[in-house]
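Below: a set of structures, written as structure tokens.
Consider the two complexes below, in which subunit A is the common component and subunit B and subunit C are the respective partners.
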Partner chain A sequence: MSSQDHYVIIGNGPAGNHAAAVLRKKDKEARVSIISDECIPYYYKPKLTGFITGSVPREDLLVLSLESYARENIRVRLGQKVERVDVDSKTLHFSHMEKIQYTKLVIASGSDSRMLPSMEPYEWALKFVTSYTDVMEYKDQIKNAQEIFIFGGDFVGFKFLRMLDAMGKKVSILIYPHAFWPYNLSDEMLDQVVANLSKTRVQVIVKDDIKDIKGSPGAYRIKTCNGIEKKADLIFSFNGMTPNIDFIKGSGIDYDHGILVDEYLKTTVDDVYACGSCAQIYNPAIKAYTVTIGWPNAVNQGEVAALNLLGDHKVITSVGRKYFDLEGVKIKTTWWKNIEDE
Partner chain B sequence: MYSKEEGFFKDKKKTYSVQSVKRIVYSTDARDFGQAARSVPCQEACPAKTNIPGYIRCIHDKRYGRAYELNRMANILPGVLGRICSRPCEAACRHGEPDNGTSVGICHLKRACADLKPASHKIIEGLYSPTDKKVAVIGSGPAGLAAAHDLSVFGHKVMIYEGQEKPGGMLMYGIPEFRLPRDLLMLEINNILRMGIQITTGKKIGTDIALKDLEKEYDAVVVATGCVIPRKLGIEGEDLENVHNGLEFMAAVNEGQAPYVGKKVAVIGAGFTAVDCARSAVRLGASDVSLNIRKTQEYMRIDESEKHEAAFEGILTNSLIQPSRIIGDGKKVTGIEFVRTRMEKTDTPPFRTSVLIKDSQFTVQVDSVIAALGQGPDADGISRDLKKLKSLGDLAWKGKVFATGDFVTGSTDVITAIAGARKCARLVDEKLIGEKRRQTVVRLEDHKTTDRPRAYDFISRREMNTIDMEKRLENPANEVETGFDETRAFEESKRCYLCNLKYEIDPLACIYCSACIDVAPKDCIKMIRNIPLNDDGSYGDYEETSDWNDVVSITIENAACIRCGQCLAVCPMDCISVTKTELIEIDI
Partner chain C sequence: MKEVNIVIEICGSAGEGTISAGEILSRFMSSQGFEIMSFDSYPAEIRGFGKCVAHTRISSNPIYSPGKQADVLISLNDKHSISQLSALKENGVLIYDSQPTKPHQEDNSVAGRANPGTIPYGVPLGMLAQKATGNTRGRNMVALGALSCLFHLDKDAFTESIKARYGKKKQIVIDSNVNSFLEGFNWAKENLKKADAHSFEDVKRPKHKEKLILNGNQLVARAALDANLTFYAGYPITPATKIMEILSKELPRHGGVLLQTEDEIAAIGAVIGAGFGGKRAMTGTSGPGFALMTEFTGLSVMAEVPAVIINSQRGGPSTGMPTKTEQSDFNAALFSGTGDCPRVVLAPTDTKSCYDATVLALYIAEKYQTLVVLLLDFFLSNSIKNIDVPRKPAKKYLNANIAPKADELKDYKRYRFTKNGISPRSIPGTPGGVFFATGLEHDEYGRPNYSETGHLAMTQKRFDKYRSVLSEAPKPQMVISEQGEYDIGVISWGSSAGAAHEAVMTARKEGINAASFSSVMLSPFPESAMIEFSHTCKKILIPELNFSGQFADFAAGILKRPVEKLNFITGRPMASEDILQKMREM
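Coming up: the complex of A and B.
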């Protein structure tokens, strides 16, 4: 491999970092860069909810320190946002007007919290647990809040709900069955979730919708379509994730509910690969594109993308935990057909 | 804002009139047409060549009536198009180019000038003397109305034959009322008809009246019957009960009927009609409505706001699937079988096709299916008589018979149909009179100021407000978009770069100090050694050089310029001029 190569990875999560590690290991001479729009080194995102509630200190969030990137001769660009990819000239355009060239590109940009179109009028009132930066903005407010309203649900949301309940907060949740994109809760699943939550102090609202939100931080008033009125100091939205791929739109890289890649994690454009939760992967076994979630899947995909980018032909498979437990309900981590029932 | 006039006006003892020093040139030079096309991308993208920077500037100046007339000169139905246009202009807007932000809300502004014009607004029509020529126009859709209007302006006596009970064609029967209020549609149709155009409705040519009879009675016949025959899915089960085709479904809804949709509806199609059908199904009480498309959402033939409104109303878009079979109980539809698809590259636009994945079928239970796959011209009725027409691109002609609009081009959009029809009207008039009476020229006018400060470049796009879901369901006819008020329209109008202002450096006065290059925020001021001419006589791409020995001029590339005016402000030699460039129609 030529020492002139510049491998660029967009995304500083498990997929991106494991791709970078493989690229560095296999090609000692090439330049390897990781770009992240966050200002914190590689951290363990699933621990963010614990960080908010104070049960996880900042040191325990970090997976890698900045020094470890330097040791590996990987350049990490933090707080930099890619705005556009020009695949013809192999150029990345940043929001700070810089342009850099890549030889091969790995997109591992992950996902952001999904904003439901119907909730856009209330965006001003909603908080999300998406990034370290978001969380730092309202970490202290949570400590002081007494009443918290959660809208939607999803895996992170339920974990968060349990933590808030344990902190002694008065929590209400309006569950949206389709908050778990790309999965929908059936009526039976919903009943089981509600039954399990009844053992907590959490007040559960189902088969309803938000009609209006008024007020300001610390004093919101929420009205539902079925006439329920709630007060809340903070309102959180947990409605699943949406791939963070706006910067590839118009570039010629195909996307649907994620960047479309084949079973080798290659996009529709030469020398561009995608992996992790921003990718929608073709699965020949079920003859469909699927989205995966979970840390082990992201790690595996990052490594496979890097190997294939260097010339290998590894077919991706589902790994790690096969199910998430949602209040006693088992939900698959992927739509992979070969996943065994437990 | 920078003005070269400021210096003059400082002398309080003298009185100056800006009007008195206007210098205007009407050009037919290919270089000026080429420059206008290249540097005003919105106008070039508009099939009707609407003077977009011109009317946006009028909105900025709160001259809403003038803005409405500038629109009407080109596109006849500003209030209608301000609501339902496919907006090719916005896709081309320079403000939406990489690193420039987002395109100007041109269509919303078009609607604003129709909404905000004063009640005392006067419609301007440059009427020619009566000619005693009689023209029949078949069809009163956008193309028919536009052709009838222009022919009437030319002084011909026009009769429209409409097969449906009401005029408007697809505007009346294809587009739902929640996107296009019928009182507004009728108002703009009546603005056309009241010029003395007669209309007979409920009579179809080919069945009720023979085309040959019209040819005998009239000096010219314009066929503008559009595309009314829906495309079929061509799969098993298509004839089952509760399988609708999009056009008939929308016509029924627009006539006040409530076709059965049930709770779970699968709409097949990726265009405006498919989305209209899906949104209408929501208003008919369906709770689970999906749009099912062969490719990805990126390749849907609708704009982002339509995608957003569909999602807002709870409509799911299932991509990369194609229906293979409609399943029924022998009478009614009960489900639909899909095959998964994948994207494949092609060598022709849009450079992607969907390819079926073998053995990937799956079934979904549904109560109804709406197939909105587009439509073609009537192949059995009037078309039989028109096979010998000579095609001239977007119109066809032989003897007394002319054809225009979607009937000729296949299914397009309203603005394309109007543009084609106006071209057809010019040809009809030429044949009837024996000479051309109108021509398009480039109007060039000295313009002393940049008209906008640089700060306007950083204003974010004003989005359209909409009514909430409760109101949408309360009455299906309630218009979803609420329009811009004056403040919103003013803010959005500031965002237009005014690309119709052409910036030029006088090479004889320029001292090559390169101060303009230093302050330009874009790479738009270039040192060049040559500007070659294209085959059509317009300027080609600039040949740049960094070798001072080869530099023949420092030139502003108006196709890259964002009209910030910084070069004008910094030039020590006052050698940069601004010229307002407009495509207009004049009498020959």
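Coming up: the complex of A and C.
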């Protein structure tokens, strides 16, 4: 391997960090850089809900210390957003108007909250639990909030709901069965979830939709299509995640929902790999591309992308099966891990 | 109530408005009732494109030192600011221009080079200034506008501060600056998501009396005028020039004279001449000029003519580092020159004491008919603080010459032996008061005399007089506790004293049993007070801004015990953080 190489990784989550670790281990000479548009070092997203409610202190969010990167001679660029990729000149353009050159690129830019088209008019009122940066905007407001409205649901949303309930907040949830994207909740499962939730103080609304939201932070008024009216200090949306790939659009790297990669995690452009929840991976068995989420998948894919980038030919497989407990309903996933229980 | 203690640095190239933005920020913060201390560093070259940094510390509590690391860096220039990043704290805030005229190559952008953990706010400074005023000159004000929005500063009051700063300029200048500021404020409000924890909302502000915002040089000039200075001769030199500049305007208005001489030897010569003529006279210089003045200082001592020299120290030796601060002229101030030549040396310890020390210097020089060296340094000369209006000197400090009585003039002995060594001095023109004044050794009349006994007696007289100056020494500044016994005693002087006192106060909060001591009068030195202090301390630490520990060696000689030295020659002022760190290790 030549010392001229500059391996650049866009994304400071599990996929990006595991890719970087492998690249450094296998190539001691090359420059390795990790980029994140967030200012916080590598952290456990799964612990964000606990951080919001105060049960997890900031130190416990962090996976690695900055010193460990220095030891490994990995450069970390935090708070720096990649705006554009030019694959012909192998250049990344940052929003702060710096250009940097890569020899090989790993895209591990993760995913962002999915915004339902029907909810776009109310974006101004919605809060998401996607990143530390998002959370810091409203963390203090949670403390003072009395009534909280959640719509959608998804796995994270339910975890959050329980935490808010435990904090003594008055919580209402309007469950969208399709909030679990890329997973779908069957009617049967939904009935069971509702039945289990009815044992708590949480107010559950089903088979309904948002008609209107008015007001301002601390005093929202929500109307549903079935005529239910709710007041809330804060409104959260949990409707699954969608790959974070705006910056590659127009670069020549192919994408659909996510960045399209083959079973070796290589994109349609040479020397560019993608992994983690931003990637949509070809599965030869079903001859289709699928998006994966969950921490263990991201870790696994980061490592495999790095090995293949260095010349290996490893086919990616899903990590072992696991059951996720959603309000007493066991849901089989191949991608979820209860980080908080570790 | 919440308290603030924050250091904000603005970094740019000469000509980008860095220093004026810093000044506006300081004045605004002071007007808001906060304590401030600010300090600029700029290139030595008179005009150029060198790096400028305006450093301002703002606090709800009294400030003793400028603070080593910045909480906020406002970058007006990527190249210069990159080298300033090492002074930004971990998790510091960076405000930078997000729309430079052309893209940065790899590693040429301050945002790209920022340490991980830094909280960056990109603001299109140039673009917004252009929008507000039609040119990019107002980038500095746009940055202040963004800062004001992010940190919840009073927008209207800030605008007033800007208007006040440019009050004497044309309306178009005032408007451009105000509009740039507002453009920055409004843009930040619309576009920036707050990601840091700094806020000036509902924070403690010290009780606010009328405050003056001045640097050491300005206070020296003001004190000199208040203390009836009538003659100043000098040759411009950084960092002392400002004193001369102010006095060149003010002294004639007060009936005095300012003379710019061809060099420093001429300057001190003229000062001694004026002193001989009965005028309160002073000169100001820095290391290289002080070296030249040494030629003449012996005359002031030998002929017993009042003279005050301000030496604002900079990095040395020789022309050294003109715009960097150092405390390396201690030995030169106390010991330079030939012969047994005692002279008084005063070193103010903070901005406020520059005023008092100047008054004292002029008073002692006149009363004791001798040379007084006032040791400032680049930091003291240029750092700005908001201070209470200084109390005007008491009457006794304004007229201190001990004149001969009528019967003494019958057979006037200008150098008459007295108990304290002070001989009544006649001012030329006094009937019967004619005398010889010479650099040669002399008898009581002033006539040359080289006899063994005569030289001994006259030397003794000069030293007696010098020792009696000790009665005028300001009380040493001490931070002590009721315990009366300490693990560490920090002894400091000059501009390092504030940092030392602050370090000791912080150390005590950490459970380190420490105390501190400093004296404005360095020569003659209040030895017994320092010895007494030293007896209460297990270890002695002496921090100073020179390489060899000039004062530490001097103090160790007095204390007759080993002392721990802590020396820096970084060109930056002493940092309380460094002293504290050393104390933790001791």
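The criterion applied here is as follows: the second predicted complex is superposed on the first by the 325 of 342 C-alpha atoms of A that agree within 3 Å, B and C clash if a C-alpha of one lies under 4 Å from a C-alpha of the other, contacts with A are read in each partner's own complex, and residues count from 1 in each chain.
Assume contacts are C-beta pairs under 8 Å (C-beta built on N, C-alpha and C of every residue); 3 or more make two chains touch, one makes a residue touch a chain.
Keep in mind the model is a prediction, meaning the values are calculated, not measured.
Judged by the touch definition given at the top, the superposed model places A:P117 against subunit B, while subunit C stays out of reach. In the overlay built on the shared chain, the residue A:V76 is in contact with subunit C alone; subunit B does not reach it.
In the superposition on chain A, contact is made by A:E137 with subunit C only, not with subunit B. Of the two partner chains, neither subunit B nor subunit C is touched by A:T224. In the superposed model, A:T317 makes contact with neither subunit B nor subunit C. In the superposition on chain A, A:M97 contacts both subunit B and subunit C. In the superposition on chain A, A:Q203 makes contact with neither subunit B nor subunit C. By the touch criterion defined above, A:A288 reaches subunit B but does not reach subunit C. Common to the subunit B and subunit C interfaces on subunit A are residues 93, 97. Against subunit C, the residues of subunit A that register as touching in their complex are 39-41, 66, 69, 76-80, 93-101, 133, 136-137.
Of all residues in subunit C, those touching subunit A in their complex are 96, 98-100, 103-109, 111-112, 114, 116-120, 122, 193-195. Per the touch definition, subunit B reaches subunit A in the complex via residues 98-99, 296-298, 308, 311-312, 314, 319-320, 340, 342-343, 345, 351-352, 357-360, 468-470.
Touching subunit B in their complex are the following residues of subunit A: 83-84, 93, 97, 117-118, 120-121, 211, 249, 252, 254-257, 260, 268, 282, 286-289.
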